[in-house]
Amino acid sequence: MSDVHPQERLIGAIARLILDPAAPPARHIAVGAASPIPAAACWLVKKLGHPVRLSLLHRPTGNPFTEGTRELFDLAGQGRIDLFFLGGGQIDGQANLNLIGTGDWPGRAARFPGSFGSAFMYFMTPRTILFREEHSQRVLVPRVDIVSAPGVSPPGVFRRGTAQALVTGKCVFAFDAASARFSLASIHPGETAETVRDATGFAYDGASAPVTADPSAAELALLRGPVCDEMLETYPEFCRRVWNRTGLAGRAA
Amino acid sequence: MSDVHPQERLIGAIARLILDPAAPPARHIAVGAASPIPAAACWLVKKLGHPVRLSLLHRPTGNPFTEGTRELFDLAGQGRIDLFFLGGGQIDGQANLNLIGTGDWPGRAARFPGSFGSAFMYFMTPRTILFREEHSQRVLVPRVDIVSAPGVSPPGVFRRGTAQALVTGKCVFAFDAASARFSLASIHPGETAETVRDATGFAYDGASAPVTADPSAAELALLRGPVCDEMLETYPEFCRRVWNRTGLAGRAA
Amino acid sequence: MNPLELDALAALVPDGALMALPPDNSLSPAAFARALVRRGVRGLRLLGVPVSGYATDLLIGAGCVASVQTSAVTLGEAGMAPRFSAAVAAGTIEVIDATCPAIHTMLQAAEKGVPFMPLRGVIGSDVLAHRPDWKVMDNPFAETGDPILLLPALAPDIAAFHAVCADAHGNVYVGRRRELATIAHASRRVLVTVERMVDGNLLEDERLAPGTINGIYVEAVAVAERGAWPIGLLDEYRFDAAHIAEYARMARTEDGFRAYLAQYVTAPRADAAA
Amino acid sequence: MNPLELDALAALVPDGALMALPPDNSLSPAAFARALVRRGVRGLRLLGVPVSGYATDLLIGAGCVASVQTSAVTLGEAGMAPRFSAAVAAGTIEVIDATCPAIHTMLQAAEKGVPFMPLRGVIGSDVLAHRPDWKVMDNPFAETGDPILLLPALAPDIAAFHAVCADAHGNVYVGRRRELATIAHASRRVLVTVERMVDGNLLEDERLAPGTINGIYVEAVAVAERGAWPIGLLDEYRFDAAHIAEYARMARTEDGFRAYLAQYVTAPRADAAA
């Protein structure tokens, strides 16, 4: 078995968060656009034999919905989606997300694409795994310039959940909604408590943490085989880069 | 040309009301369940060459909607249906309709089927033609026992229209929304102002009125040919009774 | 998802459930209603979406029903629904009157996961006067007073209907009767009878996907050939007007209704013979 | 309804229209957007349902757009939408930020003919803080304070999309992309490009009806073969990622964008050659 690719490690970390027995059950997970690492984590969970339903919104064929994203949002509104993934151009220590831009409204310094469905989904699913590979003071800020979606809400505001954790290229942070604070949960190989601290713009709990575990040999074999097979149509570039797989030749497996 | 069938006369009277140049335009007419006479009137208007769109909700095949009656009601809500037909187990002099029942709520003396969409449609279309073949003091009452749908609404209540007229087996009444009163518009052959008066439980304006005109020879030819052809699949019993047509043999015409 | 036997599907309905049924022109689960009669379910709270017909009248006559929320109960050309009328006269069922688009709207609110949705019209109707659960408020987007009806979300415990086919993923094909999707989306549990099971995945077929309800919403499926009969099913088979007329005639009396049950519902293999 | 020429269809869009466009994964009318650039339309107020992509960026770059209401503008894997970003930085367009389900909800309210519809979530987002046309009120069905967002109905002047086919009745086939029906229902005028015209009546075919939008809602149709390109169209053809990447590269500068227009939009028979 060859060395673990850093992105395989992120996939493995997210898969373990999905399977966290302390978190609400993840029977139905939806994955949005351009999210190869979260999508791979979901496929890994499924290929490990867990009975999870995946709704992958950007498969070129076989889109699971017949009413487009409206059906996704209705499902989430009903409480039928247990877990979703979000990111952000900026993320702050209260788990506020900024997908809109920096500087003055509506992002005059640097405009990001926009809020997508974050201002809704973040409230509607019992849990959200935040994922942003870039771990820098530019991204992880003390306070987002613009709140696309708030990390916590006042009592009385209807909300099913918030961030479970934030996975970056350097570490995993757990999020505690009651205190509205992140805490260091694990540090990826090659990083230290200090490199994490230096790259993080917000305050968080926990000065040190264990090393993020690598995927097991069995998990790596699943990732490089059946998970890659499932990903190839939607994320050919990712599969080429991480697993050096091109084309659909291996797909019959 | 054989004698005019009484139901052909009702069809002709309704067709003339549809085409009334003083009324709001009828570009799109919807016809509900079990309404052969209004449906035939709409087909007659169409076969006369008027550019009207018909949405016939109970065609066994080729239902015009893909979201069932919800799509009909949404269309009406948007203001895209210009004319609808309603009846009632009781109709009173203010054009209130009772489709629910007599006696105490919810119709303990005699239960009718129920309000259907009347409490909505009566407000949403610019005009409604009321049709009830039975003209008796049992049906045309001073005050309905239960208001399924009110004939008029107080100022400030959103409403696009109300009854244009009431067609019965004995006469045609016009309705004036401002005074909330019917007035006698025409009396069918065989009836008189007195027989109408005696059979009507509510007060109305106009002691006399002209005779309801028979359909023209051209209209009768259309009714007995192409209109019957269109009706045969949905209303075979009606076509047999009025036009002595059975089966689909003539339908290739 | 492996299909159940029809009677096993009926066994999934608990006494007292709030159960949504489509009308007689839109995938009515008639064989399933007969199975419920055989099972002897009690205290059902039926919801007609938006009106009710043969299945509802049958269940009322068989003593399975505590209440009916609907916009109308009718056998269409065959006239009034006789067991419904008798039960209203006898006061043995509660009738909760609505009006068609209000029922659609309450389900749409549940589908969307919002607590209410507005609807125009209805103000001044006695239907509203008898719905303490419906509210009128001033439209907050209007400059001047503009009363508008707000309807609460209504999530049925169970929705039941008869579709054309299902696949092993629980996807069911309803064709142009897409309003069934709203009922399915709004309901907590969805039980479906179908003419037949099909291979493959309906949602992966671009031609069939538009008329398919995602298996996400479907709890269980049973095969019931001609399971809508005497109601029609799209272009598969036509409405059996003669049988509905016979039902209307027989059900006019309690004795006649019992004879109907014996002949068409409880007789051994009644549904298989249909 | 006889189909128009593509440029004649584009001529039906007045300057300043509020025009709804689907995103790049759902029947985007790309050829129609290029025809609008050729026509030189000005002051469009675009609505992304619920997000915006290539067509919106192209229209912005060509100076056709006054404002964009959307939940995001993106070229997907190809990154940021360059002409949108440049216009925001330059302040030459107004951006009205929304969030995806809010756009669906505003259209659903218009589809239903109600003045508003509620939506959960969003409270505490700066999107809401910048929408004076959105209101928060206490849910009147809750016992205790329960703030909920109310969204006003939004009826676009025009909706434009690219469907698979149309018939002479104006019915258009969108297949599983049924969300286009909501856009069509909510909009005052609907202009559609299609791959081809078909004989007969799509709504009378039980197999095609579920994916068909009724011609009631459709004002005009034009044939534009491969009219979604470089966007994909269901199973007819795939998204052309290489072309979108080329667009993203060329449109990074104003000069590059002009070169793109010359090569792919305004060149004689540019769309025919695509």
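By written order: A, B, C and D. Residues from 1 in each chain.
Criterion: contacts are C-beta pairs under 8 Å (C-beta built on N, C-alpha and C of every residue); 3 or more make two chains touch, one makes a residue touch a chain.
Given the structure is predicted, the values throughout are model-derived calculations rather than measurements.
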| remark: Per the C-alpha means, the centres of chain A and chain D lie apart by a whole-Å value of 28
| Rounded Å distance, chain A centre to chain C centre (Cα mean) | 41
| remark: Whole-Å distance, C-alpha centre of chain C to that of chain D, is 36
| field | Two or more partner chains touched - positions in chain D | value | 108, 112-114, 119-120, 146, 148, 176, 178, 203, 206, 209-210, 235
| request: Name the residues of chain A that each touch 2 or more other chains. | output: 61, 65-67, 71, 77, 124
| said: Please classify the inter-chain touch graph. Allowed labels: line, ring, star, complete, other. | reply: other
| task | All pairs of touching chains, please: list them by chain label. | result | A-C, A-D, B-C, B-D, C-D
| query | Any idea which chain C residues touch chain B in the complex? | reply | 25-26, 50-51, 70-74, 76-77, 80-81, 84-85, 88-89, 91, 95, 97-102, 104, 108, 119-128, 130, 144-148, 176-180, 182, 232, 235, 238-239
| remark: The answer for chain C against chain A in the complex is residues 110-114, 181, 185, 201, 203-204, 206, 209-210, 212, 214, 216
| field | Sites on chain A touched by chain C in the complex | value | 28, 53, 55, 61-62, 64-67, 71, 74-80, 124
| Within the complex, which stretch of chain A touches chain D? | 33-34, 58, 60-61, 63, 65-71, 73, 77, 99-101, 105-108, 111-124, 146-150, 153-154, 156-159, 237
| Partner chain D, residues of chain C touching it in the complex | 105, 108, 112-120, 135, 137, 139-142, 146, 148, 150, 152, 174-176, 178, 203, 206-207, 209-211, 234-235
